[in-house]
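For reference, chains read A, B, C and D in written order, and residue numbers begin at 1 within each chain.
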Amino acid sequence: MIVTLERNADEARVRGELARRGLWTGAPLRAQDGSVHLPIGEGSVSVAVDELAKVPGIASIATSASAHPLIDGHGPTVRVGAEVVGRRAPVLVAGPCSVESEAQIHRIAGALAKSGVTWLRGGAFKPRTSPYAFQGAGSEALRWMRRAADDNGMKVVTEVLAEGDVEAVGEWADVLQVGSRNMANYALLKQIGRATKPVLLKRAMSATVEEWLLAGEYLLASGAPGVVFCERGIRGFDPSTRNLLDLGAVALLAHAYGLPVIVDPSHATGRRDLILPLARAALAAGAAGVMIETHDAPQDAKSDGPQALLPDQVKELAADLAAARAPSARPGGAS
Amino acid sequence: MIVTLERNADEARVRGELARRGLWTGAPLRAQDGSVHLPIGEGSVSVAVDELAKVPGIASIATSASAHPLIDGHGPTVRVGAEVVGRRAPVLVAGPCSVESEAQIHRIAGALAKSGVTWLRGGAFKPRTSPYAFQGAGSEALRWMRRAADDNGMKVVTEVLAEGDVEAVGEWADVLQVGSRNMANYALLKQIGRATKPVLLKRAMSATVEEWLLAGEYLLASGAPGVVFCERGIRGFDPSTRNLLDLGAVALLAHAYGLPVIVDPSHATGRRDLILPLARAALAAGAAGVMIETHDAPQDAKSDGPQALLPDQVKELAADLAAARAPSARPGGAS
Amino acid sequence: MIVTLERNADEARVRGELARRGLWTGAPLRAQDGSVHLPIGEGSVSVAVDELAKVPGIASIATSASAHPLIDGHGPTVRVGAEVVGRRAPVLVAGPCSVESEAQIHRIAGALAKSGVTWLRGGAFKPRTSPYAFQGAGSEALRWMRRAADDNGMKVVTEVLAEGDVEAVGEWADVLQVGSRNMANYALLKQIGRATKPVLLKRAMSATVEEWLLAGEYLLASGAPGVVFCERGIRGFDPSTRNLLDLGAVALLAHAYGLPVIVDPSHATGRRDLILPLARAALAAGAAGVMIETHDAPQDAKSDGPQALLPDQVKELAADLAAARAPSARPGGAS
Amino acid sequence: MIVTLERNADEARVRGELARRGLWTGAPLRAQDGSVHLPIGEGSVSVAVDELAKVPGIASIATSASAHPLIDGHGPTVRVGAEVVGRRAPVLVAGPCSVESEAQIHRIAGALAKSGVTWLRGGAFKPRTSPYAFQGAGSEALRWMRRAADDNGMKVVTEVLAEGDVEAVGEWADVLQVGSRNMANYALLKQIGRATKPVLLKRAMSATVEEWLLAGEYLLASGAPGVVFCERGIRGFDPSTRNLLDLGAVALLAHAYGLPVIVDPSHATGRRDLILPLARAALAAGAAGVMIETHDAPQDAKSDGPQALLPDQVKELAADLAAARAPSARPGGAS
């Protein structure tokens, strides 16, 4: 946004009036003909153009069109069958990093369902940094997860890694997950959008909020009925936690954009003992839910055992989150 | 930490046992004589050496000495007169970015005190990126702040910018603040430590947690009786919020190191409308308090007007934080 | 690498001997039984285990297996028909960001060939942050590029965006390019590897060198006969150049790993006037070539016009690089 | 810069004309009265306003005043006695991380002088992350360095850590160095500026180029007669080199701002075997010199031994740089 001043306007006063409304102004730009423009900087709150137009000294206000009109019109909720993400109660998504066997996923799903977890997550296809690491049990695991979820009245969310797998995953899952490594894999986003299922869109390790929203725009433009954003930590310079959880971005999506966003504190921190405080913080910042890695025998997990909570710990977390959640904590879709 | 295996140990099983306890292991290191070491990676929880020594297959465990023994022995609280930071109730620190006049700071302090704010903050000496920007009202402002605080039963915290100012600031303030730009200004840290007053230590824009703790070690080694850490957002790649609030680091300090840490959501986000959700999130993550920029006439503020809350908004925030704070939310000094 | 000391070893002296050889040591790790391990830190040069074993006071040396054995055995050159990347003369890759018409690519290829450019680059499928931006002329452009290259004795390198396009691109191109957004799209890497063509692998915006090498390992493990790495700037915190060119990583790949790596200064800086000095710097750091965006009418370019050089500017650059390149400047494949 | 279009201007064509001149345009901003502004984005080259004013369709061009007018007028050279930094021949600065004894600095200076090194560097006061690490030999070391330099016809550059040391250091050194940790220690910058000596200004770990230039502005505004900027690597996310050498920023300072900038590849990489290629790359990018850590007995160095070159290696480097330096490689002060 750029504010152009009237000739003879009191520049300092206009800047003050903008500051009063929460708007940062950059260095004034002056044209040869004497006109003065004030650029509105990042970190400014949203203010209606009509309100600004009334400020004495402002001649005109120029704005740019949004690059993601569909996302702007998306709204704070996503419906998944009878479940709605983004309503008052936070959504709890839990399950193992990798689905390892039919028995494993049934045991875990059964335990989680009793704790109030309504979404079952689990990896059938795993994106692994090394070509020699376990790559997931594959499409068989999709069926195991479906049955485990159905037996326990849960929804299934699982990641799609390859364009060729979209159809198969769409057949078994309720929500298709885009992993952080594939957030800017536009061929995959288009293919997933065409499956016309709700999508869970993880943020890439180095994506700006704008790039994340544009990835969501790809999904909606290709046919996805709704997108749940998922913050899982970005790349930082400090190895003391595995990733850098960006709850400022979560607050921005929830409160300024009015979008449904959940948080994955398991990947964000990697430290089992910090998952609960960060899950609480996520909900306080405006998250519509949390996604937790769970395993009933972390010592045997094929991936990410050290960050997996036991089902009993998820139960405590669920109770704690329910208690900690003040009535006013959710933005209720207000932007 | 490095775990050395017994000959003939079942390596996968030891790794599983470590994972079960929340420990990440890196690639095994093998010596020519056949001995195998497992390095314990970042993101691991703290586990007692004695407990690990019992795991079958582990021959020995080697650990390094901490680089910050005084900080390790610091504990979760800091006493400032009759006030204690790090106890159950969160500390509210508020005040203007710059102290601009005696009347201004008295008005603001009066309003804040009624809202439960017990620490008055305000800049007398301002670190400004440009040499031509307002550099603060100087030492006069220290006296104004002291009187405004005394009249309202508040403590004073203010930043020291120069070695030569330490004595003067120490005379008027209860807590000496080290700004983020000076976190690694070791000459200043030593000088401040010698003033034997509690210190509020802001994290540098690109400091790792370890470097931040070592800056605290400088303060304690030079005589400071206590350090309150303050996270105010680090440098990130996304301009959509002004800084990147690292609540993972806050959780780490509060829960893993058992240290008092407060959060400055005003500088972290720059967006006035995100300050409340991020203040809530900070407390949920384990912060012992929050520091909020306040101004009663943001349009006239000499710096940072767009992120300043009105005293009435601070009052709402104080009420909200009190309500949202679940009884179990603070770690109570447990590490 | 971990060095274990003999009992009674002079620890400071061993550390000194390691420092003399260019090895950084971290804080010593001490076991309960008195044994002392020195971890060798990042930034250390490569030293043969046998040489270290002779240092007085060292009892044993433990090392971890490489995570990318195929890349380690790759060597400094890649053959593409009669051309070899990584030999003495640097490879010049140039062409438009997007192939826009048959006439355009023929004109540009003709001009470039006269300047010593031997590889023609151009986008048929473009990864665009916005779903509404020009997505490339598609498969037709592949044929145009092939003919333009053949008419001028050039090789063709072009990006593959989708698994479904690998076969078509493999039919027309000599080298398949993986874009930075897809560096960790493992499904695509596997598919491209199976095409058994040389691959140009761009580094992801936030990939560590180790992750980049592992992406190369995916390609080799899937059948690619050779990988040319391409540094194009990573994500940084400073907007003054578009991306942050990491020539330290280029030197590391060229000199420590002995791998062929080229540099794309056009994307790295975005500033047309800095492309030449950064191209020179890239070769001086050890790059085996540079990739330059060229357009003969930047005002009509469908993407990235501001960073495109004119063919005449590429000619000057080619002459300048040839002159600036001292005989000793390339590592000659030495690692 | 913002370009305002004439009514009825062909927007695409104006954007094309701007692109042709190397200017990036952001999303157009439209006012209610129909006027259209095009913001000129980061990564654009410098173009004279007068030239742009001639482009058909452009009504007016608005620009902001520079925040660092003194730096803008600084020019490409700095005079230090009879030596001039920024002329054709690159400046070689070398010496030990810490000055450890009078004999040591004499031996090293003698060896370096024979290799063409004209500036002797060495730390008397060392900024160390740990309060328990060696903090330098102190003011005595200043005298040792002065005599060693005088005996060999060299200039002395050394870091000032504390405001209280400015006078003493100014007495013995020719150039006062601001370390990266103190780049935004404005109290120190002002004090150093008042010493009216040339300053070597290292970039902070997370400083943007604009912040770095503003730190230089502080120095000039306080009285410094000249500033030599020094890039030494910034904080990145990849531990494989110790810091991230930003040669894009070096090219920007040298070629776009016309400022003298030198590079410290020793700190940037930490790897002794990459210092030479990165020193070469620095000069190719436009650096006016390089600063190299040297020690004649790295095994005994009190700090940074693993990255220190032997005096003989510096000699080879000096010869190599002289050979590799093409006649056209320096911008010659052109901006």
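Please note the rule applied: contacts are C-beta pairs under 8 Å (C-beta built on N, C-alpha and C of every residue); 3 or more make two chains touch, one makes a residue touch a chain.
A quick note: this is a predicted structure, and the numbers were derived from the prediction, not measured.
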item	value
Copies chain D and chain A - interface residue numbers shared by over half, same or different	same
Whole-Å gap between the CA centroids of chain A and chain B	27
Centre-of-Cα separation between chain C and chain B, whole angstrom	40
Euclidean distance of C-alpha centroids - chain A vs chain C, Å	32
Two or more partner chains touched - positions in chain B	67, 206, 235-237, 239
Graph class of chain-chain contacts, one of line, ring, star, complete, other	complete
Touching residues (chain side chain D, partner chain C) in the complex	13, 16-20, 22-24, 42-46, 206, 208-210, 233-234, 236-249, 251-252, 254-256, 268-274, 277-278, 280-286, 297-301, 305-307, 320, 323-324, 326, 328-329, 331
Touching residues on chain D, where the partner in the complex is chain A	1-2, 4, 26-33, 35-37, 39, 49, 53, 60-65, 67, 235-237, 239
Residue numbers on chain C that touch chain A, as the complex places them	67, 127-132, 161-165, 181-182, 184-188, 204-206, 211, 214, 217-218, 221-222, 235
